[in-house]
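Next, two complexes with chain A in common: one pairs it with chain B, the other with chain C.
After this line comes the complex of A and B, so read on.
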C-alpha cells in the first residue's frame, strides 16, 4: 500500500501559502501570527470572495481572514467578528470569522489541505465537539440541508454545546462517550464525513467503531492527532505514523497528513477515505 | 437585422416570446434573429461561462426563461451574486492586488493566479466587532464606504504614501540644470508645483 501523501505543510515552508493563495491573493504574515483576523478591526470594509473549498470564504482587506456564512445571522458563539454584507437586491448576508488558532480545521485549511470533503448539504459526525466552536463553523458550511451530529462526553462543554444548538437547528448535540456508539445509534443516521478531535490514546479504535456504525462506504474522515496525548515519549513523526498504520488496519485509508505548525504542541491533521474503492491498475 | 416589435395586424396574436411562433418552419432560422431583439440574448462578455452560447432551440430558451438563471456562484457557495462593476469596485480590486506596496512593514504572500470564481463573485461588507472588542474598532469618522477611502484616511499609510510619491516625482522630474532643481517643500514655488 502506498504511503499516504505527505501534507503540504510538512517538509519546509515552501508550500505553506497554498490554502489561502489558491483561493485568491496572499495574506499578511504579521496578521496571522498575532490576531485572529489579520489587521481587521470593527468598522473595516472587507471584500468577501469564495474560497477554493465549497462553503468557505475569504475576507480580504489589509489582512486576510477565513470566513463562513453565518447560519444564524446576528448570533456569535464566542467573541468572533462578523462581516455584514448588503447585496444589490437589498438582501443581507452575514459571515463569521473563523479563527485558526482555536479551530484545527481552520488551521488545516490555512496551511493548504487539498480537500476538506465538507460541502453544503452533507451530514457530518463530529466526535469531540467540545464547546462547539468548530462545530458551529461546520454547521455554517453544511447549511440548512446538512446536519451535524456533535458528540461530546464532558458535561461542562456539553452545556455550552447545547446552548449553541438551541439557535442552530442543524446541529444535534449528543452528550455521550464516543467509545460506545451503540448508546447514540438511535440519534445518528448515516453520515458523509466523520471529524474526530478527541485526544485519547485509543482514538483509532474509537473512530473505527463509529465509522462501522455510521460512515458510508466511500466517504471520508478527518482526525486530529495530538502526539503528546497518544504517546509523549516518542517523536511526533513516529506517533503520526503509528496512528496512520492503526487507521489503515481498520479500512480508514489516509490520503493526507498535515502537520499543524501554528498550533502549540505537536498536532497533525489526517484526512482520508473509508472503504474507498481500490484503484484498478489497467 | 434586429426587429424591435412585431406589428399586430389582423386577427393573429401571439405572445412575444422567442420560439413560440406558429411558423414552425422558419423557427430555427429566425429564432436566432429574434433572440437578438429580446432581453434574453446576452453578449459574450456577460455570459456566465464564456464558452456557452444561447441556445437556438425554442424549448431550451423557454426553459431558461422559466428558470430565470441568475448569475451566482451556485449552491456550493450559497448563491453569492456577482456584483455590478462600478469604478469604485474596480479601484478596490486594484488596491487589493497592490497591497504589498501600501505599507513597508507588512509583507504578503505571493498571490497565485486567482480562481475564476473569486475574480467574478465577491461582496464588500463591513466588519462588526463583538461587544468585548470596544478598544479595537474604528471610530465613526474613520469608517468609510470603500476600501480605497479607508486607505486614504489612514494616517500612517498616507504618510508613507506621500513620501514615496514625492520621491518618485523628484526622480522622474526632467531637469535642464541639476543645480536649479528646487528641493525642500516649504518654498512657494515647490508648493505651487505640487498642488
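After this line comes the complex of A and C, so read on.
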C-alpha cells in the first residue's frame, strides 16, 4: 500500500507535489470532496489513495470511504455520493463511493480480504446482478478492457440492470436463470472470475455448472453465503462448512472464508480457485 | 466429428481432427492452452454469420425454445451430412436429430471440448477478432434482454397484485379519513358519533345537514333508518357541541365528499378485482374466493411462482414469521396462513380448521397449477374440488356427531394418557373417589335446585340444538337414560368450560343437581375429571343467573 502523500502548492513541497500528481494513479492527490458521504463532509479536503487491491481506492477525510473510479463520469446508479479530484492538468477525476452496507464485496474488502482477484482488464461473470449496484463498481474496476457479464433472473431488477448497462458498455446484461448456463452460452466467452450472489439453496451446484462452462482453469471465484437461505434450521457455521464441502467436490477450492459482520443476518464470503494446479511436493 | 458452437456473430461448425483425444478429458484442457495446439485439434469447417441483430435475436430465441431456426437448419444441412455433431444442449441435440437426421452427442467430453474451443475462439475463427465480436455481443445481449423483459408485460397477474395492494391502501385511507370526519364534526355535534356507527352513513348525514340546526328541517329517510333519524333530530336540538362557521363546514363537507368518493371507488375496485381474478385464475377463485386468491398471488409474486409451490407451502403462506420461529425453536408449526380466511376454513368448527386448511391447500395448489400452466378458461375443476371439500367437511362433522350420539355398544372410549393434552387438569386421570351423598335415592322428591338448574340451563342453551336441549331436560328428570348420556355430558362439559376458564378451581362443594346427573352415568370419559372439579362453579353460575333473572322480572 503506497502511503498517501500530501501535495502542497508552492514552496519546498511544490516540486514534490508536481511530480506526484498524475491522473490519480499510484499516488494520493488532494481532492475537493463534494456531496459528502460516509463521513466525508462537503467542501472538506479529501485524500484519495489507491487501495491494496488494484482498481479500488480509499477516500480519506474525517472518515474513510471505499471508492472506485467512475467509468462513466457524470452518471450515478442510484444516489451514491461522488468525489471529485483535481489533477495537475486541471482535469477532474470522478470517484463513486462504494457502500459496504449495500454491496457484500465492499464489505469483504473493508473487513480485509487478502485478494479479491478482480483486476483491471479482466473478464467477470456476475451471477445475481440484481439492479446492478455492485456490478457497476466491478465494471469500474475492470475498466474498458475488461468485461462484466451480469446475469439476473428477475424482471423488475432486470430492467434496472438493462438501464444501467446502456451507459456502461463493458457490462453485458443477461436476463436468464443462472441454473441454465446453456441458455446464455452464446453471449459469454471464457471468464477470469465468477462472482456469485444468488442466495439459492443449490447455489453450489449453480456456480459449479457455470464454472464448467465459462471459468478458465486456474481462475478464481467468490460466493456469498446467506445461512438462512440455505437452511434456516442449522447454525451459520454448520451451513458455511457444508457449502464449502459442496464446493470442494466440484473442483472449486476455497482459499478464504470471511464472515461478514456488518450485514444483517448471517452472511459469509468465500473466495477460492477453480482447477488450481496441485502443489508439487518438493 | 463436428462441433456446433453458437456465438453472437453467428453459428460455427468445427471439425475435430483427432477423435482419440476425446478419450482423455483431462489432457484436453491442456491442449487448448495455446492457439497452436488448439488448431491441431479442431479446425473451422464453416461459419454462418448473422446478417443483423434481429436475425441473431430470432435465432437465439428459437434456441431457447429448443428448436433450431431456419438459418441454423440450412447451415447444418449444408455442412453436417454424415457426421456426428457435438452440441452444448442435449434437448437441442434431440430436436436436430429428429428433424435433420443428424446424430448429436452431448457428454462431459463434449463440454470440455467446448470449453477449450471457447477459450481459443478468436484464434480459431480467423477473420473475426475480439473487437468485432464485442459490439455484436453487446447488441445481441441488449436485444435479448429487452425481448425477455417485454414478454413479461403480457402477464396479467401484475394487475391483480397491484389491485389488491391498492385495495388495502384504500381501506386504510378510508378509515383514516372517516375517523377524521368523526373527530372534526364531533366538535360541533358530538352525539352524532354515537348515534350513527357506520362511517359512510355518518359522512352522508354530515354532508346533507352541514350545521346541526338544519337537521330538524331535513329528511334523512334515504340515508338513515327511522329510529336513528328520530334520535338524530332529537340530539341535534339539545347538542352540547360548539358552533362552527360556514367556512369550517365547507371544509368538513369536502372531506365527507372525499370519504364518499373513496368508498365508491373502493367498491368499483373490488368489482374490478373480482372480474380479473375470474379471468386470470378461475379455478383458484372457485376454491378460495377472490380476495384470498388475490392475496395468495400477491404473496407469491406472480401466478407462475405460486404454481411452483407445493400444497404445504400454500397452506402456511402468510404465516412465515410463526413458521420459522417454530422451526428454529422446535415447536409446532402454524396450521394455516392466508388460507385461514377462505370460506371453507371459516365454516369449519375450530377443531376441524386445521384439517380443512390442509385439504384446501392441497386442492388449491392443483387449481393454481391448472390456472397458471393449463389452457382451460373455465372453473369446472375448481367447482368440483370445492364440492369435494365441502363433502369432506360434512364428513368430519358427521364423525363428530356420531361420537356425540354414542356408539351402539355403549362402551366408553378409553383415551390414551397424554400429560401434555390440555384438558382440564393436565396430570390427573381421575380424581380420588369420595362418597357422594347426592347419589342417594331421591324417589318421590324433586330437589328445588334442579328446576332452577333446568331453567338456567335452558337460557344457556340458546346456541345449542333444541333436540339436545330437550334431551338434557329429560335427562335431568330421568337421569337413568343411557342413550342421551353423552349428549348431556358434552353439553355440560362445554358449559363448564367457559365458566371454568373464568374461575379458578376451588374446593369441591358438591351440589345435588349435577351430582345426580353424573353419578348415574358411571362414565370414564376424559372430561369427567374436569367436570367433577368444577362442580360447584356451574351451580354457582346457575344460582347467579337465577338471581339475575329474578331481578329483571
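Methods note: the second predicted complex is superposed on the first by the 243 of 282 C-alpha atoms of A that agree within 3 Å, B and C clash if a C-alpha of one lies under 4 Å from a C-alpha of the other, contacts with A are read in each partner's own complex, and residues count from 1 in each chain.
As a working rule, a residue touches a chain if its C-beta (ideal position, glycine included) is under 8 Å from a C-beta of that chain, and two chains touch if they have at least 3 such contacts.
Fair warning: this is a prediction, and the values are worked out from it, not measured in the lab.
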| item | value |
| --- | --- |
| Contacts of A:158 with chain B and chain C, given as first, second, both or neither | second |
| Touching partner for A:119 - first (chain B), second (chain C), both, neither | first |
| Partner chain in contact with A:88 - chain B first, chain C second, else both or neither | first |
| Greater chain A contact set [chain C / chain B] | B |
| Which of chain B and chain C A:57 touches, first, second, both or neither | first |
| Which superposed partner A:169 touches (first chain B, second chain C, both, neither) | second |
| Interface residues of chain A shared between complexes with chain B and chain C | none |
| Chain B to chain A touching residues, read off their complex | 73, 75-78, 80-81, 83-84, 92-93, 96-97, 99-100, 102-103, 105-112, 114-115, 117-119, 121-133, 136-139, 142-147, 150 |
| Contact set on chain A toward chain B in their complex | 16-18, 20-31, 37, 39-52, 54-55, 57-62, 69, 76, 79-89, 93, 95, 119-121, 143 |
| Contact footprint of chain A on chain C as seen in their complex | 6-8, 29, 60, 63-64, 88-89, 111, 114-115, 118-119, 121, 134, 137-138, 140-142, 144-146, 148-149, 152, 324, 327-328 |
| Interface residues, chain A side, partner chain C - complex | 147, 155, 158-159, 161-162, 165-166, 169, 172-176, 182-183, 185-187, 189-190, 212-214, 216-217, 232-233, 275 |
